[in-house]
């Protein structure tokens, strides 16, 4: 029994010597000692020495959370000849000294009780050995924006096959929609297309566009993924991408890629540099599907690639690791009523501005406002629309808006030198290499007028959009009769993120961003082993951070692939078949599909490698036929008795 | 629900102003309702709502008067109809407090010796017209065409805010008055100040301080061609009306500010004695005569 | 669903019904039958019968006692899929318990032919035996007096329903047949050429409706009274400080006092038709405490109620069973200490079942709340 | 302006919180309230500046502002506040701090005759409840 002071973290609150004294007399405790830092090398050596001296068969370490050092102490115990699963941690830091900083006496009493409970538990622990599982060395990457492409390229370059899935017909994600990028103002397409074409031709990457992950089963190293490949109604094996069909198509509907600022044919390639450079038919816009007549594309196609009868197909892939790179969406228009977003044509969002500014966009890169195509001379940019707004949007900061708004204002000045950009901001968050300088340049050199304050209302008045704002620094209300308003709307998780998390059996936060295993130390690992996160799927991020995280998640995948076999904790559920009634409640309780009914023998069974040891089944089982290894009901009761006295 | 002649009865709360300075609001509303088969049964036991919802967390006493009214209305039925925006706001918000805040409910109930749980539905007459009569049916009942009379709706604050308690309409882009005006055959004049404050009780401050915001509202409607402004708040009516008394009144023709029910009564072809335009600063009479919707000299 | 009539004949409708049941066995439409017989004067017990003659002679299908729940017995016979078809005569509460057991995979429904019957109520078996079957002056059991389901539910197990309520002995029995009834059994029904029971069926339905109404009121009054009883008994018990009651949990004191006389015999669990574990956790070593623990507790509290764990036992059973409780009252009937177990369960299960909108035994399609999870389902409404 | 513990966490600020039921510390001074306020043209301080003074414990200065009497409780500010601060409640707490000890901002007896004669009852009741 070893008690750690953790410097003042524990020792400053809990009376450690007293704890040692009280525990020494407990039944089954051979020896109790304390040390200032048990996780240090001398601390570890102390444990090893005493195990050998006393010929211990189990140990209890009272220290910090098992999340921190359980594996450290388990391997210390193992190195001294104690089965690692007979090493228990009593958490007297996070669950005792920290929350009870102002009640040292109570904390000391609680520490004794927690340790006594751990002692009772360790007395019932069995000596277990880790389970071993094989690894499939292929990876699935979900989402082919800059994050997904980078992760896929890094994994594939290391020699492992990658299945890259995107629900759109092309890859590139939102970055393909951007005109220029901060802080260097280089053209987004110019730096993106080398990546897209490399992904398109990489022999190690199986690219599945117009595809979505439908189901995932299995576990780390051994996932089975079902992917639905949506019908494109074009046989891509035959199609040469000549574009004749898109020219001749008589239907025109708003283009999603152009954010509704331009129309596109029902059969189209979203943008000139798209990879794969093949068209798809959108049945909801196609006259053949909606009206039952037409078929112009079929007639003009020189290679007969149009296939109206094409069906969705289901593809099954076996992979060992999954990278989630599903990206982001923007805050829905309907929710910003006071700015007339979605109502007034000249109130647009940041991505719409990117398209207006893009050489391949609807205005060929000229800044012309949507309503009448006039060049706007007074443009108001509003930051924090839906961000940092817990009441009407989201409490978090969307992180990139300060920078892209500065970029927008500067690009606008480049194209409309006699125009005046105004930026309503609350704080400027420009913490990145070259970022602050970039914003300063906007105010100093380009004449962008920054107004510190939020806008209350925007309304249409004739051909102007009138902005009611405030400049809190001068304490004056501000009214601007603008020609166009650009909203830096909040970044929100991509639609369907929560549903995908459910399919992947991993967690998201309350907004739908994928949760990382630890916010600081495990930022690219999800809460499910073998599933990693990259880019805005986790939280709002700019391109450099996204690429960094994508590389990091690829490194994690490669680390996983480098082990010959994976080990799995043996503290899983087990069934006492003698008393199992076969009612199946455990099967329903399991979130990992690790439980099933053996219908022949009418008992429930456990798939050890799928079991995460969460204990939900053991709790659900009415008579305790299912138990958790090293957490039997009798152990739990003994722990309760130890705590309750 | 469609229009069922003579089948709709509602307990109705008039409020002080409608019995005094805004009589025309009530007489036009009650008569119009009657013409549409809606009976507004005035509650027997009502008292002043307080005219403004109390914003003090530590004082529940101002809730007592509206709570008494609500408790007494609950005994008449499950709904209570109001006309005045302020009464609607105060009664509905008080009702919300009594429904959701058990502590304040118990305190108020103990004081008024009632056991009222906040389970009344407080409605505005506009909601009755929209949901129970139906604007389509209303359009069919129009007898006197308003001939494209350009009318600006004015909501002010009390109908719309706070939206999570009132839930009356879209708080930033309301449209119930517009829909109502369209049903009457008016030409709706949209204007940005329709949800801005008129200055409210600041009218009592010396120095004519409320007329600033009020003039902004009137100007916003007038400059877009409005021939009249409709409201459902006697204080808005007063502020917008009085604001035009000075310079504006002489330089250019004023914009009459009238209650939506007065317009409704005209459209339904009701006798002019129910309109009650007396006391309006900018008399709507000349305008209405000039567009040909009102003929006699009953209008001052 | 068509109403047919089993006419009473000269020896009354129970005999007519017995002959019909015997016929099912005789022609091989079913392979066995779970049915009550009179084993000794006033002693009713269930048998699993294969011999039609025995059924015709000794069956007492309408005897107004429920010595044990037929659901438990049927589950024993068909827990795994049996080789033959088994018919069972089931009161509404028994049928509903059987539906729960099917959902808990304790009975394979495929080969069960459920013969549901109306039940206006049953008597305490001991009283019935002492009166040698003469029910004059006896009162139905409390669970029956407040039972809101005197007639079988239509969505239960596929089978036959026997309508009795509102019809006297001479008027016979209205029989209605489930659409999904086993074809072999349906063929027998066909062959019997029973007369239409349309008029009797209507009469019975009206009587059932009236009875249900009456029972609902009785049940509401009963629960109200029970809750009031519990409320007045709340608060610390000055007579037994530290023994009964857990401070801070409202109502637990009253609960403890109601159960103070529990001897820990676990009869209620044995009698419960749904309590299904092969070995109960209370029969395992889970609650075997370390030597000295009892003395420590007794020392700390001043006195420790013995046998210990009776509260935990009842709370656990309530936790496991209140959602599936069909209100048959077998628990209370089996209790040697006459504890108000039915009443406590009725109060708890009304709340828990309402919380999930769950009606135990209503239909095989309703999922057990324990086996489903919906986000937000327990958020305050 | 002197800042110290007893100023920024003073008794007066606590009292205002009790009366208003609002936590002014939530405000991050974005100014959306001021941007949408209909009465600002007559105010000496913008609404967000009044809140700032309360945050800084400068209650006396806030009480001296004309702004608190010009707030018409129209709720345009609180409807759009990203931090859920109900400014009208804070303004009311400042007003009643002046009124509860018996102060009067407007004396009913001195209201001009034309106002008394013409203003709707609603204005008189509401105004006098706010101002006296």
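In order of appearance the chains are A, B, C and D, and numbering begins at 1 in each one.
Methods note: a contact is a pair of C-beta atoms (placed from the backbone, for glycine too) under 8 Å apart; a residue touches a chain by one contact, two chains touch by 3 or more.
Nothing here was measured: the structure is a model prediction, and the numbers come from that model.
Trainee: Counting contact pairs per chain pair, which pair wins?
Mentor: Per-pair contact counts point to B-D as the maximum.
Trainee: How many Å are there between the centre of chain A and the centre of chain B, using C-alpha atoms for each centre?
Mentor: The computed centroid separation for chain A versus chain B comes out at 51 Å.
Trainee: Hey, how far is the Cα centre of chain B from the one of chain D, in Å?
Mentor: 27
Trainee: Rounded to the nearest whole Å, what is the centre-to-centre distance of chain C and chain D, using the mean of the C-alpha atoms as each centre?
Mentor: Here the centre of chain D sits 66 Å away from the centre of chain C.
Trainee: Spell out, as numbers or ranges, the residues of chain C touching 2 or more other chains.
Mentor: There are none in chain C.
Trainee: At least two other chains touched by the same residue of chain B: list those residues.
Mentor: In chain B, 171 touch at least two other chains.
Trainee: Any chance you could list the residues of chain A touching two or more other chains?
Mentor: 338, 457
Trainee: So which chains actually touch one another? I want all the pairs, not just one.
Mentor: Every pair of chains in contact is listed here: A-B, A-C, A-D, B-D.
Trainee: Give the list of chain A residues in touch with chain D in this complex.
Mentor: Residue positions touching the partner: 338, 384, 388-393, 426, 452-457, 468-472, 475-478.
Trainee: Taking the complex as given, what residues does chain D use to touch chain A?
Mentor: 28-37, 40-41, 45-46, 48-49, 76, 80-84
Trainee: Going by the contact rule at the top, pick out the chain C residues touching chain A in the complex.
Mentor: Those residues of chain C that touch chain A are 79-80, 104-106, 276-281, 284-290, 293, 296, 300, 320, 368, 370-372.
Trainee: Name, in rising order, each residue of chain A that touches chain B in their complex.
Mentor: So the residues of chain A touching chain B come out as 337-338, 340, 343, 457, 459-461, 466.
Trainee: Within the complex, which stretch of chain D touches chain B?
Mentor: Residue list for chain D touching chain B: 18-22, 38-39, 41-42, 69-70, 72-76, 78-79, 86, 88-89, 91-93, 96, 106, 111-112, 115, 118-131.
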